[in-house]
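Each of the next two complexes has chain A plus one other chain: chain B in the first, chain C in the second.
Showing the complex of A and B:
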């Protein structure tokens, strides 16, 4: 799965947690989950749980702490999906 | 300081009606919300009937944000949000503002946090999957979840309290809100209570043998307050909410006024003088009613209707005796008496607030709702107050003042006196 495909999947994961659907539609790698998408910081753990289930991966605490913008999320997910890359 | 406190908004989620118009229609026409539930038969409960609102969490679309709704699993919280926000809008308010409303608070009660949510947490944790619980569990298993949701949605900044006093909770929450306004602490209070009685809570009461068990095949006849053939209460669920407002504040914004809370009291018999964990002390009950009347500064002759606790257990007889003693009225001189539980069952913490919404509607529209299933009143009750004041059909009559009380486990009591607003 390339970064663009992961980003498109990520939109589905993020959807229940943001009221701003227009902003969500236009996200790029620089979009900040809290500042731009106005996601409640407490919900970041829910996003990680949902991402684990969506991509069938496990995201540890250290990796989870890096997931504050879309680009970081894709980094972590891509690494877990394809550890050798 | 002693401010006058008026009622400017109502909201209700009851087994026989959701929203004020449906609920008003139901109580005017004696519509029962009690049904048979196969789940309870399956669970081998003695009581297999209950009063549950026809309400699913998805019906909160538009009430709270979509992100907040996603992940909301607690039904009691959902009932409470619906009732409180309906009351807020009924009082002529907008839901979402940017500013904190420092003059407005919330007292909203419940008995137990949602056990379905707790069960999910227990199962996950025991399966070593605590990591998958997510961020939304704690806010729904904390007792103050309901006040957190309501105050957060409305931006309330005054006293925010989740009270719990078993079956006296609902009347107590209204009393507390009344006190905060009366003493000048708050200008406006969102008050009420909510309860979702799931199988685990239901089972606890079933095992105590205090529930109705003889009418499983005739659910609408199962809840029989004051009836000689009653054999226990029918569990129910729901929520009731009121907006209380300082009189001048309400007048200044031209609010519609349903009525006035003129007095109230909440106390405990201290589990002495006949009181226990499960039984109210007559001394405490009589004192609670007397104190409420003294606070209202009215004569007991002014009371047109008693909205009783009256659950359909052996305590009904004693309750009437306590009212007779406290009001010093008997026979045909006793006020009209009714029990909403004959239509909706007993929704524990939510009972007081749902019954208070019913009381306010009877005050405003001048009627006493019927007591269902009262074709055979308990002879000792008839000896005390006759039958003329035990309506089995709706009574259309001017209702100026109502006394409302509830009594709960732990020997706690709450009583409120409401009257028509007169300038």
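Showing the complex of A and C:
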């Protein structure tokens, strides 16, 4: 799964947690989950849990700490999906 | 028998809404509180017709169901390894979604039962129910909270 495909699936994971659907539609790797998408910071935990079941991966504390923008989320998900890459 | 945990609650007098903890494990908690007849909110809610405000019902559920359980998880080492409490820490509610089924009047005792849904990355989420002494459902909802100023354990130990 390439980065663009992960980004498109990530939109579905983020959708329940942001009010700004127009911003969500146009996200790119620089989009900040809290500053741009105005996501409740405590809901980042739920996003991580939803991403785990969406991609069937396990995200640990160190990886979770990096997941504050879309690009970093894709980094973590891509690495877990394909550890050798 | 689990009331030692009450010593760790940061609330004082008029905003402490926990009397007893009757069951406590890493998966959940049961506790109770009896509404005081002279509580500050009855005089104005409503004049001559005291009814416990929904926000107070919510607070009782949160203190027993989320805060007591969260402190227990921190104290017993079942917490996320990177999260710890220190003297500057306090609990913050991050979401609630509650439905109310019955009124609660002054001097009524309410029993709160909480089941952990998850505790990860410092966030505790629970399904919480409140019953009255007739075992009628008073309120039910999903609550989540975090510990603010939770420091990584390594820096606490320094």
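The rule is simple: the second predicted complex is superposed on the first by the 85 of 85 C-alpha atoms of A that agree within 3 Å, B and C clash if a C-alpha of one lies under 4 Å from a C-alpha of the other, contacts with A are read in each partner's own complex, and residues count from 1 in each chain.
One rule holds for everything that comes next: a residue touches a chain if its C-beta (ideal position, glycine included) is under 8 Å from a C-beta of that chain, and two chains touch if they have at least 3 such contacts.
Keep in mind it's a predicted model, so treat the numbers as computed, not measured.
Judged by the touch definition given at the top, the superposed model places A:64 against chain C, while chain B stays out of reach. When the two structures are aligned on the shared chain, A:42 is found in touch with chain B and with chain C. When both complexes are overlaid on chain A, the residue A:17 reaches chain B alone and has no touch with chain C. Once the two complexes are overlaid on chain A, the chain A residues touched by chain B in the first and by chain C in the second are 40, 42-43, 45-46, 49.
Chain A makes touch with chain B in their complex at residues 16-19, 39-40, 42-43, 45-46, 49. Interface residues of chain B, counted against chain A in their complex, comprise 65-67, 70-71, 131-132, 134-136. Those residues of chain C that touch chain A in the shared complex are 80-82, 94-95, 118, 120-123, 125, 144-146.
Across the interface of their complex, chain C is touched by residues 40, 42-46, 48-49, 61, 64 of chain A.
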